[in-house]
Amino acid sequence: MPIRTLVWGENVHEQKNKVVADNYPEGMHGQIAKLLSEDSNISVKTATLQEPEHGCTEAALAETDVLMWWGHAAHGDVEDVVVERIAKRVWEGMGLIVLHSGHFSKIFKRLMGTPCALHWREAGERERVWVVNPGHPIARGLPAHFELEMEEMYGEPFSVPEPLETVFISWFQGGEAFRSGITYRRGAGNIFYFRPGHETYPTYHDATVGQVLRNAVNWAYNPESHPELMDAPNRSIDKALEPIEERGPRLHAHGEEGFR
Amino acid sequence: MPIRTLVWGENVHEQKNKVVADNYPEGMHGQIAKLLSEDSNISVKTATLQEPEHGCTEAALAETDVLMWWGHAAHGDVEDVVVERIAKRVWEGMGLIVLHSGHFSKIFKRLMGTPCALHWREAGERERVWVVNPGHPIARGLPAHFELEMEEMYGEPFSVPEPLETVFISWFQGGEAFRSGITYRRGAGNIFYFRPGHETYPTYHDATVGQVLRNAVNWAYNPESHPELMDAPNRSIDKALEPIEERGPRLHAHGEEGFR
Amino acid sequence: MPIRTLVWGENVHEQKNKVVADNYPEGMHGQIAKLLSEDSNISVKTATLQEPEHGCTEAALAETDVLMWWGHAAHGDVEDVVVERIAKRVWEGMGLIVLHSGHFSKIFKRLMGTPCALHWREAGERERVWVVNPGHPIARGLPAHFELEMEEMYGEPFSVPEPLETVFISWFQGGEAFRSGITYRRGAGNIFYFRPGHETYPTYHDATVGQVLRNAVNWAYNPESHPELMDAPNRSIDKALEPIEERGPRLHAHGEEGFR
Amino acid sequence: MPIRTLVWGENVHEQKNKVVADNYPEGMHGQIAKLLSEDSNISVKTATLQEPEHGCTEAALAETDVLMWWGHAAHGDVEDVVVERIAKRVWEGMGLIVLHSGHFSKIFKRLMGTPCALHWREAGERERVWVVNPGHPIARGLPAHFELEMEEMYGEPFSVPEPLETVFISWFQGGEAFRSGITYRRGAGNIFYFRPGHETYPTYHDATVGQVLRNAVNWAYNPESHPELMDAPNRSIDKALEPIEERGPRLHAHGEEGFR
């Protein structure tokens, strides 16, 4: 069964800015979905901010194995209840791939527990992405490095937790370097942050970027669901795996639920 | 200058439960503070839930290098604004040490980005803590293992992110094992979670536990402050470190602030 | 194409010790191979210490995607040239799964760069393996914990590098806990160490252990080869990706190879 | 008591190459020692390849808390017995700081378990080092970035294990980026690799580089020694921490030592 992937696009600049609209006539989400659909192992749907519940209803997420997220101008418009719903699905095992300006999305900050800040510059400068971890599944089939002739610069320090693994680092024409492909796991869900993707440049028309995104979906996919990672059950004494006898004073009544 | 440490105690069961009150007549925070004050390199204050802003005012946190947190019954009563204030101080560089049932505190869940759930049992069973990383500063001066004759059991899976380092794992009489000492960094702030510390048992009267807590404070201390980790400045083209010329279409006006 | 897996068995105690011979009449390698062959995605061969070049010839390794290693009594008899050959294949991308007493094998110590020591006891005591990372591919389909009624005890500190991820920790009847499933990557090769497997007990007849081993092979498999990770080429100035001019004094003649 | 630091210099190019000799009239080790001695918490000695046992006798290492290593042309001349001796001291808790071309030293490769290869170019190009982890002790007091006007380029992939933490990444004028400050722990010993330091350029006359090296020594220092990390004792049944009875068949006689 193919990996059910939902591409979420904010879809704001596509509507307001002629450059972006011309660059991505089917929306950024539409173009990203197109890149993913080149992999027969991936089935793709899209959702946007403007849809009810931003297209991330309980039902939609229940049928999503991997969520890919692009947002920029309207992070604040994403409802908190939807953010929590997505976080819960990630903890259960849904993969999450956060693109570019999504570093400041509510869902990414929620899962990282850090500011996720960085320095930036919009100058259409050259970015060269270097593979530092060629054995990682997300680097599969990639050249040793690839260039995006015009990109927005992101500079360090990128205030995220130390990643599980660093897959890419980027060189920028203006003098900066940046950790541009990093992985995490939160609960049972795999998370990949990928830096490139400024809306006024043709990044999501780049074939290598497409390969990265398809690799990331395949890597992030977890066929299992682990809702138990949100539970904190009382394992009662009579069901202990080794025989024990109760000792000492107690706070909780037998069978009581814990505090949260 | 000594490390300015603030011991935060929920101070609920000490007031309501005779066992806890007898166990910790000066409050759990009082007893923990006493353990810390054995180290002349540490200066200690305490704060409790019942104080205005839970004793975690802007002024109090500004004078805190390391915050130690014990809470259980009243996680929900901690105001969100205080939680965010503490998170900000951690990102700047304040150390945070979270004890036992604090795994479900708002501040720990906020900084981990995960449910932080686990299994538990209150049976007064034996816990044996094993040092798995003897070279870590938090393990300094400790024996290869130490026992707490009566403790609450915590069982895996503990739904936290993969730690930076695992320092301790625990064996429980009833058959469970648990990662009981784990480290993280969030922003510039060092975080240590230490498992033992159920309020009805004499854990914070144990000398080895005291050594762990003092070691943790010394390890977590960061003399620097990094508020810049919350900023996302636009590094303008004319101030680029390498000479670049603007190219391509742009979204932002010159000098504009970014979206967040 | 299935994952070409080579199960390496030392095959010493099977020949000398009646208990082991009765336990594993087809050799431990034979029984482990049988467990793997339950997965149609895995094709299995075996090799033993006694074969020429221990069955790990250049040709054999060239056709191996994942190597599984069980050794105990004769670590010292494995020729260094074969160890280096295996290390090279791991760096290129071959997966390596090290079992039980293989913690002291030359190849594991070579790749870890540490003593890989631990405490032990042979008492036929109960081991309970806990899944601490249920979202990890190696934990797929496993219960929350599983028991091996009789196993050798391994105790901490296990002097290995901090793992990339900890998948399992074990509880032992005699009071110890141990990190019993840990992952690494060295070069492009994935490495998994799995603790259980003492030769006098029926561990490799256990269905859950079989599931772990099959999962590990699937996880460790890397379809790519990265021999370039062993090269240190001089990227000459005229081929620099950005135009630069030579400056300052130089040590190397143009086009010279570097020192190693 | 100050941190007893031994600066090891290969001392080959200083003798053979006029540029290097003029750059470092007291030897590279002499100049590095000078940088360290600006910290009153550090006491410094030096040693070179040409001394008996390369100046790394048992006695010398026994009195060394942190070893700093610069080598390039003569890695192969370092005797294996000395390499093993140093590795053992690192496992016990001695800090190790490996500089620049030391990435190919025997001791670094020994402790990493990987090829430690990279791409390189000697063109006197600009390197800009970015702090990606400002909260790390090695980054203390540093600016957000610093420049070395002329340096040798090192390019990715750098075939080392995923670091415990990445502290610096570098930008190069010719188009490359590199992880230039990375940490590890092996046994009880802290290891830091720092990239800059080509012998024909004035890198070790740079004040910021001096600060990095002093920070690294302070960070790497471990006051404790853990020789037990090399032992694999048999914890006998009668001394088990929990009462157990022997069961099942056994391989080892009682009290026997294990295989290694």
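Read from first to last, the chains carry the letters A, B, C and D; within each, the first residue is number 1.
Rule of thumb we're sticking to: a residue touches a chain if its C-beta (ideal position, glycine included) is under 8 Å from a C-beta of that chain, and two chains touch if they have at least 3 such contacts.
Keep in mind that this is a model prediction, so the values were computed, not measured.
Contacts with chain B and chain C are shared by A, D. Look at the CA centroids: the one farthest from the centroid of chain B belongs to C. One simple way to say how far apart two chains are is to compare their mean CA positions; for chain A and chain B this gives 27 Å. Centroids of chain A and chain C (each the mean of its C-alpha atoms) stand 31 Å apart.
For the pair chain A and chain D, the distance between C-alpha centroids works out to 35 Å. Residue positions 128, 133-134, 144, 155, 157, 162, 164-165, 173, 175-176, 185, 187, 228-229, 241-242 of chain D each touch two or more of the other chains. Contacts from chain C toward chain B in the complex involve residues 128, 130-134, 144, 155-158, 162, 165-166, 169-172, 175-179.
Remark: chain C residues 13, 17, 19-20, 72-76, 87, 91, 101, 104, 110-115, 117-125, 150, 153, 155, 157, 159, 161-162, 164, 173-176, 184-187, 198-201, 228-237, 240-242, 244-252, 258-260 touch chain D in the complex. The part of chain B that touches chain D in the complex is made up of residues 93, 128, 133-137, 140-141, 144-145, 164-165, 173, 185, 187-190, 222-224, 226, 228-229, 241-242.
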